[in-house]
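When the chains are written out, they are named A, B, C, D, E and F in that same order, and each has its own residue count from 1.
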């Protein structure tokens, strides 16, 4: 079997990209040694890529009551529920690194109920999956239950908004058949 | 019954907003006579609102093989599948205006198969709903079928990306319990 | 796009209908100014239409602990869950009129949890949707919970029976591809 | 274990029923030796029972391209999909008798694909289950496919309308927790 | 209609079977008067049949806090949820005999909530169906709830393991289109 | 977070196990350097463990038209559909080794449609998932489609039987909350 391509859609040459996008890509490449395929596949539509990166950074880089590892847990759990190969593999790698734990990403992707995490984190992931899979059913009782686990309302927004952003991201990856870079599979193991 | 609030989260005073956001809101208010609640509720997180507006404009305002009315059809059909009150009501109004048709929005929200649209548009909405509800199952056969209906690959990206963006938007509206403005219910009827 | 026909099946001429059915249809026409398509499409089978009207009146016109507006709420909420275009549009109009509220029908059709109704009415609609979508799971606990909201057993029968009747009605409308009259879309707004 | 009662709701004494209902019940009792519990439990609401009987007879007793056994097949298959104990047991008995086949009712209730019936009858039941479980998806292609199996449009109405009527009936039986008479279990075996 | 065959796959002649398998089959035939088709259809793969029989006996014949009738209840309830004709019909017969109750098997197959069983047995079947249909959601709360109904942890293993074994068995019967023997339909009625 | 235990149930000391089970466990330990937790957790019930091992070997070790790697693909794909942490992690390791491919296991677990496998293997996994998740719908058309991909009927049995066996195995792992050994996560990467 030959490996599948990066995307169902045309993938631009990095040299042809606008400066701001190319600069960001090169900065990442300098840091981790390769260009994650999400940038190459979404760069087919530069304005959408810019908006996605802005949304991503606003949520994933902000000061938050959630640790960065916890935010990646949300991405990994909801992305496997949506069968999104790119997001589970790439953010699984990031989670392993952020959490300094080589097991957590696979545990959470498959079934967070059996992962080596706290009961507060399990409540966080249960809500993230509700937002991801059945957001219409959210009601005040869900908020009360999260507050009982010491999540602030800002934390609840973060949980829900990350699940919502990757609802978008998972669908774009499934639409484009985005291929995870081979490097992600072994990072942080 | 008193009306429910605009959002479960704090809603900022327009006067306190950053200039770029306030300018955009005022421009819309000048045009349609009121401030859509989506701006007020999402302005609680200005950076996320900016990213959302940028993503929205990149898809909904771009030159596309899809008409603006067709793009709103996608929003309306997928938003009812996600039981998103704000998006069905607000974008239903926009669809009525864009399509100059007072019936289409309700028809499509409830069951697009019985709407007064072309079979090509039904194929578009069938794919939009697949992206929205079951994106993991997308395969090459789906692309072939859309090309048979004379959709280009760029059109297919547009269909899928709009369904993906409102997968995010629907979840944010369900998370915040975003209330549609009363004005939307009668616009374009 | 030309408008779709009233029904997939033959639609009788009113002049050819039996006296009792024609009289009822004319009485409605005199009252609201047009003949709802449900009568024309179901009149293809007069005995079934008579039985349906009798069942409808027995439930929707009887003295009940539920107001007439509440009974229409049940119709609207369960009909959107079944993607029944005719019932959501026509009974949405009736609900707007009965409740003297132009917003309620759309709110309830899309997501009753966010509608401007009481928590008792939300409990009523939660049970109606259970009867509509998952009646096998009904147990004594559900009855206790409704009694805690001050519903009598007769009220519970009414909720369940209306949900059951429109389970039939929604399926007949989807089978016949019954078209809502244009007039319904704007009534009571 | 003592046997569960006939209904969650009050069951009237036959002697107290209106003449038309009592006459019908007595006629059935004279014919089969016992009173089916559906009459006793629904007689709590005489007008609804009259409407139900009228609807039932209009569909199940009319001249039709479907045999009476085929109509019972539809009832049995859709009622098990709705986990309706009364309808599967009572109409299973009727199906055994109508079809003069002691095996067919259980075969069809559990999985019609493996029942000793024709491929035309399997197509009939596949459509009945679509009407019962997913009526929103019905489209012209489904009609074409049934016509290819030599079903007339009147036959298709019959299939769909019987599935729709028992969508109502199953929900009423689940609401009332209607108990099948012990006699039905062995009839026709 | 001619009856469907015993299996989609070749069915071996009993005379050709290995001694251990033939001996077991003959012993059953001597006891109940016929050879259950499960032996004939699975004997196409003798080693798999031996493993299945060993697994079956280990669970269904062992000393347990569950009666043999209760173990058959689990088989019947979960097998109808999987639309497994062979298992519902054959184990329904065994349940009728084990429980000395001609009604229980049909009641439980269709909807255990309305069967003439204890609330403890209903809790047992609710858990069996969770294992059968949604085992990923099992958590410590489910164990606590069963212990509250006086099930020991060994009993819980038995409930879960029987549901798990028939998850296998139902799939093999659906794969092979295994036909229940006619004799089962009337045993124990 | 401390790591979760191997099982919700008592885990026997290897020294106390019957000779045949201990011998098998020691042989595996000698080969791979550790004792897979599936043996320790299932050894709580020795007879069931023996039956499981016999069933496993009968299917996974037999001469078959399916390669050993293909058989592991079936295990991995169906086990993630059932959210079975143990089976995805342990058999993912085996698949990496059998296929001499470090990427395949994660690709297939998350979404086989995007894995680096042949279209024949995708057809194999589509059928395995049908057996795993919806075995009632299997019909002759599914067999024809697999034969068109050059699968023999014996191959089809193997695909279906492996999916069926791991339907059991996934449920036992979810019931016992079976913990994958840490070693599996990095084997074959």
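By definition in this document, a contact is a pair of C-beta atoms (placed from the backbone, for glycine too) under 8 Å apart; a residue touches a chain by one contact, two chains touch by 3 or more.
Small disclaimer: the values here were computed from a predicted structure and weren't measured.
**Student:** What are the chains that subunit D and subunit E both touch?
**Tutor:** C, F
**Student:** If we define chain centres by averaging CA atoms, which chain lands farthest from subunit D? Would you check?
**Tutor:** Relative to subunit D, the chain whose C-alpha centre sits farthest away is A.
**Student:** With respect to inter-chain C-beta contacts, which pair, A-E or A-F, contains the greater number?
**Tutor:** Taking the two pairs in turn, the one with more contacts turns out to be A-F.
**Student:** Using C-alpha centroids, which chain lies at the maximum separation from subunit B?
**Tutor:** Centroid comparison gives E as the farthest chain from subunit B.
**Student:** Nearest whole angstrom, what separates the Cα centre of subunit B from the Cα centre of subunit F?
**Tutor:** So the centroids are 43 Å from each other.
**Student:** If you average the Cα atoms of subunit A and of subunit B to get two centres, how far apart are those centres in Å?
**Tutor:** About 23 Å, centre to centre.
**Student:** At least two partner chains per residue is the criterion; list those residues in subunit E.
**Tutor:** In subunit E, residues 83-84, 111, 136, 174, 177 touch at least two other chains, as defined above.
**Student:** What graph shape do the protein chains here make by touch: line, ring, star, complete or other?
**Tutor:** Basically it's none of the tidy shapes, so other.
**Student:** Could you run through all the chain pairs that touch each other?
**Tutor:** Every touching chain pair, ordered by label, is A-B, A-C, A-E, A-F, B-C, B-D, B-F, C-D, C-E, D-E, D-F, E-F.
**Student:** Note which residues of subunit E are touching subunit D in the complex, please.
**Tutor:** Per the touch definition, subunit E meets subunit D at residues 1-4, 80, 83-85, 88-89, 102-103, 106-107, 109-111, 114, 116-118, 174, 177, 179, 182, 185-186, 189.
**Student:** Inside the complex, what are the residues of subunit D that reach subunit B?
**Tutor:** Against subunit B, subunit D makes touches at 136-137, 139.
**Student:** In the complex of these two chains, what residues of subunit D are touching subunit C?
**Tutor:** Against subunit C, subunit D makes touches at 8-9, 44-45, 47-48, 50-52, 54-55, 57-59, 62, 82-84, 131-132, 135-136, 138, 140, 143, 153, 156-157, 160-161, 163-165, 167-172, 174-177.
**Student:** Using the touch definition up top, name the residues of subunit D that touch subunit F in the complex.
**Tutor:** 111, 113
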